[in-house]
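Two complexes, one shared chain (chain A), two partners (chain B, chain C).
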Partner chain A sequence: MSTVRIPPVLRAQTGDLKAVEVDGATVGAVLQALVERFPGLREQLLGPDGDLHRFVNVYINDQDVRYLDALATPVAPSDTITVLPAMAGGA
Partner chain B sequence: MASPAPEAPGPAAGRYASIEEAIGHTPLVELARLAPRPNVRLLAKLEGVNPTGSVKDRIARAMLDDLEASGRLRSDSLLLEPTSGNTGIALAMLARRRGHRLAVVLPDNVTEERRRLLRLFGAGIIDSPGELGTNGAVALAQRLAADDPRFVMPYQYGNPANPRAHYETTGPEILAACPEVDVFVAGLGTGGTLMGVGRRLREANPAVQIVAAEPRPGEQVQGLRSMEEGFVPEVFDPAALDGRYLVSNVDAIAMVRRLADEEGVLGGVSSGAALAVALRVAAELERGTIVVLLADGGWKYLSDELWTRDLGELSSDAEARNWW
Partner chain C sequence: MSKTYADLLREGRALVPELLPDQAAARAAEGALLLDVREPHEWDAGHVPGAVHVPLGRLEAYIGFAAPDTARPVMVYCATGVRSLAGARTLQLLGYQDVASVAGGLELWRAQGLPVEAPARLTPAQQQRYSRHLLIPEVGIRGQARLLESKVLFIGAGGLGSSGLLYLAAAGVGTIGIVDFDVVDASNLQRQVVHNLERLGQPKIASAAAAIGALNPDVRVIGHEAMLTDDNVDELIAGYDVIIDGTDTFETRYTLNDAAVRARIPVVHASVFRFEGQLTTFVPFEGPCYRCLYPTPPPPELAPGCSVAGVLGVVPGTMGLLQATEALKLLLGIGETYVGRLVIYDALDGTFQELSLRRDPACPACGTDAEARMATTATNGAQLAARARSAQVSA
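Right after this comes the complex of A and B.
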């Protein structure tokens, strides 16, 4: 199972868990499994059409999935998926 | 008849009429010792050489030029800008030279040198909660500006002068020094560097790859209450990138140490992150030329002992600060 890192802003929905092991062959499948396990995450992560919320960034092994295959990006058991809110960079 | 006086040397000889004209023209330096193999070349654009020590001198000049030309600045105007430091410092120097007043909204957990440089150039500082990162500074600045018409915000996150400065200056400099560039890597702050340089490089070579290094925010600087408080800078178009990688502050600091140890280059924390991503990209290339932009020098980080403290001990401090 891959590991999903949960940002502080979403931990109220995961019983304060910082990381969760989730099954899924793709990033999309992992996120679906995640929101089924923690339904409070659904409206924070996904829009009504099932796409990612515009202020959500998802990384696999620290690489933004939108530059791989987006939600179809394959996931291996040793992979780490990081979910982060969009934050203004330093400037 | 007396001969006309010879024209004084100019920028081509490294001579400038003022410090403002010396903005840019930064060196592109090969990092042969850090490059992973001979067929993959790595060159660093040293933006710390700019007058106030960062790439932000470029956009500060462009934004102020635009504001002055627009007529929006009145005698009672007060410039107000959200910043994690570098843009504020650049604006402060230029505002001081040009007779404008400036206040910056700054997360309260940035390095001490940033505060000192801002005060040195006469800027007022309004603290925003460090745990909200730059999101918090932007939100507070916008609230303040909405309440008082004397505030005029250059607003680097949404000002087209930001990427335009890079399109007009940084990009052409890179092309002049390295026309063979295959990959451009830079830190993602406002997105202005990546957008402006990216657009210019792609005009010369549509196949060039534009790749972002992004800080992985420490736990203690993710104080958002909901995903709705997220923020995407208006100048930034994610679709204009070819890759985007997270780098932890500890990994960035480790890379900054390697940069000093192996190449003798003193870079700031975001430079370490950009370099970490450049090396990650380099590891996957058979051959090619990577240009990585190092946004500032290491001078503003000395008081935090980034080069000397034990990295393990530094890591928890590192995750509580806004370093970029």
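Right after this comes the complex of A and C.
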């Protein structure tokens, strides 16, 4: 199981969970498992084609998956996946 | 029989070899030490770059610290080449093996067109105010003078801007610009510490200028009571060294990003949400820009601002101080900035997480094509900057 870090703007969809343990051999599989468990996240992360929205970045450990193999990037159980949508708040 | 001044000079010249300034400069280039034996006020008015300063009256006591190796050649200079003879003679008596006096001193040195460095000057009040900076070698008098000549623009005098405005003013950043069109509201005071109860209802730029004026009169505040738009952004940011992005809408962030890339001005970016903050530094063409990080904005329902979601008041303060720290590092050219790194601060967990960011070669703002296009329009930008500087109004 790898760990997915949920950003504060999306925690309403995960029952306020900050981190979720999810199974999956690739980033795409992990995100698919994540949205199946928390259906409210689907629209916020993925477009109708199943691709990541352009305003959401996904990192495996500290690397942007866009510069790896995108959703096909392999995931090991020890990896941490960070979901990072753009934030605008200047308070 | 007592000796005259002329006798002493003659004797000194018989014992101490003299070199012309250009000859001394050549020896210094080969590794000889240049030693300035004038008084501190003369040194402060200008000296040879790389020289070491020990006033003549303190030579015996301090030369051992300044030049511990008595085998290293020493070229001694003063204003006109007289005191340096005495200084060089003293060094000979102290066992220095290769000593010379620079004939004609700094006067002839200048006349020969050799480089002279005029160190930064601070007033006695400034020396006291910035004394803790002056003690740090990475800042020192030169760095402090640079800060006093620097210009930082804050986009927004709100939660992120408040702590940064106060600390950069305290640090002696000489010109602080503020772009804001809002007025001070009671709900701001939970976190926007640059404002206060007495200034409720005032424009935030006036309120911030009052706070800065009460803290440090060295700082000139330039207020722009405006909303940043595509139409005014180029003129508003022109001439600044660093921009602190404390805005709260995506539209403004993209507008600022694109203009800052065009003007090649670094932007220190931060945003906050409840207990979390994000920060990175965008230096155009050195690292990614905001569009490389987020090519498109999210729909509004997926990105609520602080007025909807709330924020723990200290979080924008912390992130604003990190922005101010980045700005100081950029201005002083010291340390490792957050270029290419995004830090996420989680106040509840007490953790900082770091992510790597990359430039997108296809970025419409700073990618390969944009960079080539910009190289051809650089001249226009310089003209615009000159026009905007003359149009700035003091708040």
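Convention: the second predicted complex is superposed on the first by the 86 of 91 C-alpha atoms of A that agree within 3 Å, B and C clash if a C-alpha of one lies under 4 Å from a C-alpha of the other, contacts with A are read in each partner's own complex, and residues count from 1 in each chain.
Please note the rule applied: a contact is a pair of C-beta atoms (placed from the backbone, for glycine too) under 8 Å apart; a residue touches a chain by one contact, two chains touch by 3 or more.
Note that the structure is predicted; figures quoted are calculated from it, not measured.
In the superposition on chain A, A:9 makes contact with both chain B and chain C. By the touch criterion defined above, A:85 lies against chain B and chain C together after alignment on the C-alpha atoms of chain A. In the three-chain superposition model, chain A touches both chain B and chain C at residues 7-9, 44, 53-56, 59, 62-64, 67, 82, 84-91. Of all the residues in chain A, the ones that touch chain C in their complex are 5, 7-9, 18, 44, 53-57, 59, 62-64, 67, 82, 84-91. Considering their complex, residues 7-10, 44-45, 53-56, 59, 62-64, 66-67, 82, 84-91 of chain A touch chain B. By the touch rule above, chain C contacts chain A in their complex via residues 156, 158-161, 191-192, 245-250, 253, 270-276, 278, 293-298, 302-306, 309, 311, 315-316, 342, 344, 349, 353-358. The part of chain B that touches chain A in the complex is made up of residues 56, 82-87, 133-135, 137-138, 156-157, 187-191, 214-217, 219, 222-233, 238, 241-247, 270, 322-324.
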